[in-house]
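Dumping the structure here so I can ask a few things about it.
The first chain written gets the first letter, and so on, giving A, B, C and D; residue counts start at 1 in each chain.
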Amino acid sequence: MPEVERSGSGAVVTVRPLRTEDLEAWRPLWRGYTSFYRADLGDELSEDTFGRLCEGGDLIGLVAVEDGGGLVGIAHLVMHASTWSTASSCYLNDLYVDPESRGGAAARALFDAVYAEARSRGADRVYWHTQQFNGAARSLYDTVGQLTSFIVYERELD
Amino acid sequence: MPEVERSGSGAVVTVRPLRTEDLEAWRPLWRGYTSFYRADLGDELSEDTFGRLCEGGDLIGLVAVEDGGGLVGIAHLVMHASTWSTASSCYLNDLYVDPESRGGAAARALFDAVYAEARSRGADRVYWHTQQFNGAARSLYDTVGQLTSFIVYERELD
Amino acid sequence: MPEVERSGSGAVVTVRPLRTEDLEAWRPLWRGYTSFYRADLGDELSEDTFGRLCEGGDLIGLVAVEDGGGLVGIAHLVMHASTWSTASSCYLNDLYVDPESRGGAAARALFDAVYAEARSRGADRVYWHTQQFNGAARSLYDTVGQLTSFIVYERELD
Amino acid sequence: MPEVERSGSGAVVTVRPLRTEDLEAWRPLWRGYTSFYRADLGDELSEDTFGRLCEGGDLIGLVAVEDGGGLVGIAHLVMHASTWSTASSCYLNDLYVDPESRGGAAARALFDAVYAEARSRGADRVYWHTQQFNGAARSLYDTVGQLTSFIVYERELD
């Protein structure tokens, strides 16, 4: 993917694909993200996910990097087929920016890169889920995406 | 997949995989479904989708068949990876029951079959989207699935 | 309770307490109501509930009766304590009007009677739950009650 | 009730029934809770409620106690009848954890104890209300209960 660079109030942020050597820097962002949902996915699953995100298959990992080189945000994509299009859909499974880097360029740079990556993989849309009550996230999403009328139902299988 | 049979007030309904020879019977159900969303996907895309649903890849087509052999409902699944699990997720992309066959066993038989099929493909969850205001559908979904707090954002790509 | 009488476009409707001899007339209304929620509570539970509604304890049954004497609606109340008041709360557990009698005086007569009954039992409030998407019911509720910002979470116990 | 103990990141938390001697420690938690809803119920009503919570009738008080013995959370239950079951329903009327003790084990320990207590009193379900926009609470509730499609209407009686 072409790198996406964006500067806002604060540091310049670059977004690039996740790499195997990012594991230690990726881990606290993943933990911060999952603990927001009060989830602990465990080390084994987390490392399995990390591995698949670096592999270049249907899962795609992107990271936002600040000037100095530190990881400040992550975006994880899932490419999948759709019955409504011959093109793929791109599901933005996870998005997280370190609390200290919020309000700057990181989240928008990640969205720019997500859209570029999805396009380059042949998707005609990107979609994501957010909790209806997550005002902080939604105020951003309203500026980079479109709210739909859809809600999510689920059934866990034994 | 094992066939799922279910009887309610009315005819016995069987759910089985979609087959190539179902095209003519599938078409009006697909058209009824897409026109509910005021969409017309066109013949070419519809036939491409139908073909992929019969192929046995990531798209899976299931049909509800009534006693006499007529198709009364369809369910289309998309299998995809997830960052939260090593198991797949199963997205129920489309579900439709012919208006004349509603209130009987068809919808529940389809859900039973969807869950069985998803499980047999290694998924640990099935999820689907519905318009927040679609009361008729939600009153069913409230009995076969779990409402979540999630809503859907989207970005169409040029 | 004092009987509540109300006339609208159509028949005069009277609301009175449920009585043991109403069982056969109450049953189809109860069935119509529960099947709206796609539930079948079975004969045994239904008759147990009916019995408790006639007993004069914490459960209270009210019925709307049309001119000729036929039952056209039901309201079931549950009285319970509250930590926010020394007075009781009255939960309107079930409300149903026969589809053929809707748009007339029955529903409002039932609400009038519910409020009168709750007051006479020492309650300082009546509250009820409705599906967020039940537009037909909510358009009535907006005129006889107050929408709150509260939603309902639940946990079924094994 | 059996005591429920739970440890998280931080102190071990035990949940036990509210006792008469807890009044002084309970009061600031009750005040913190009611002031969240911008309510001031007054001393008289508060003490009446406290008294009923200790009595062992339809109101049940539970408290979360940290290692050293301090009260850090409260849960107040109301048992009541239902028309949909011969079993009771348990309404979780109030739940509060001291802000300084949030993010630890207290809230989950309280839910564990609420479910155990409700079960031991013969309830087949626990339910509660929360403001639709209360994200902090809902992100917890999404992990310990099920969101429903129900909203709450109310009528205050003179």
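Throughout what follows, a contact is a pair of C-beta atoms (placed from the backbone, for glycine too) under 8 Å apart; a residue touches a chain by one contact, two chains touch by 3 or more.
Small disclaimer: the values here were computed from a predicted structure and weren't measured.
Seen from the C-alpha centroid of subunit B, the farthest chain centroid is that of D.
Simply put, subunit A must spin 115° to overlay its Cα atoms on subunit D, rounded in steps of 5. In the contact between subunit A and subunit B, the residue numbers used by both copies make up over half of all numbers at that interface.
Between the Cα centres of subunit B and subunit C there is a gap of 37 Å.
Per-chain Cα centroids separate subunit A from subunit B by 28 Å. Separating the CA-averaged centres of subunit A and subunit C is a span of 48 Å. Residue numbers of subunit C whose C-beta contacts span two or more other chains: 39, 131-133.
Taken as a graph of touching chains, this assembly has some other topology, since it is neither a line, a ring, a star nor fully connected. Contact annotation for chain pairs lists A-B, A-D, B-C, B-D, C-D, with touch applied as defined. Against subunit B, the residues of subunit D that register as touching in their complex are 138, 142, 146-149. Residue ranges of subunit B in contact with subunit A, taken from their complex: 39, 41, 45, 48-49, 52-53, 57-59, 76, 78-86, 91, 93-94, 115, 118-119, 123-133, 141, 144-158.
Listing the residues of subunit C that touch subunit B in their complex gives 36-39, 131-135. Chain contact summary for the complex, subunit B toward subunit C: residues 132-135, 138-140, 142-143.
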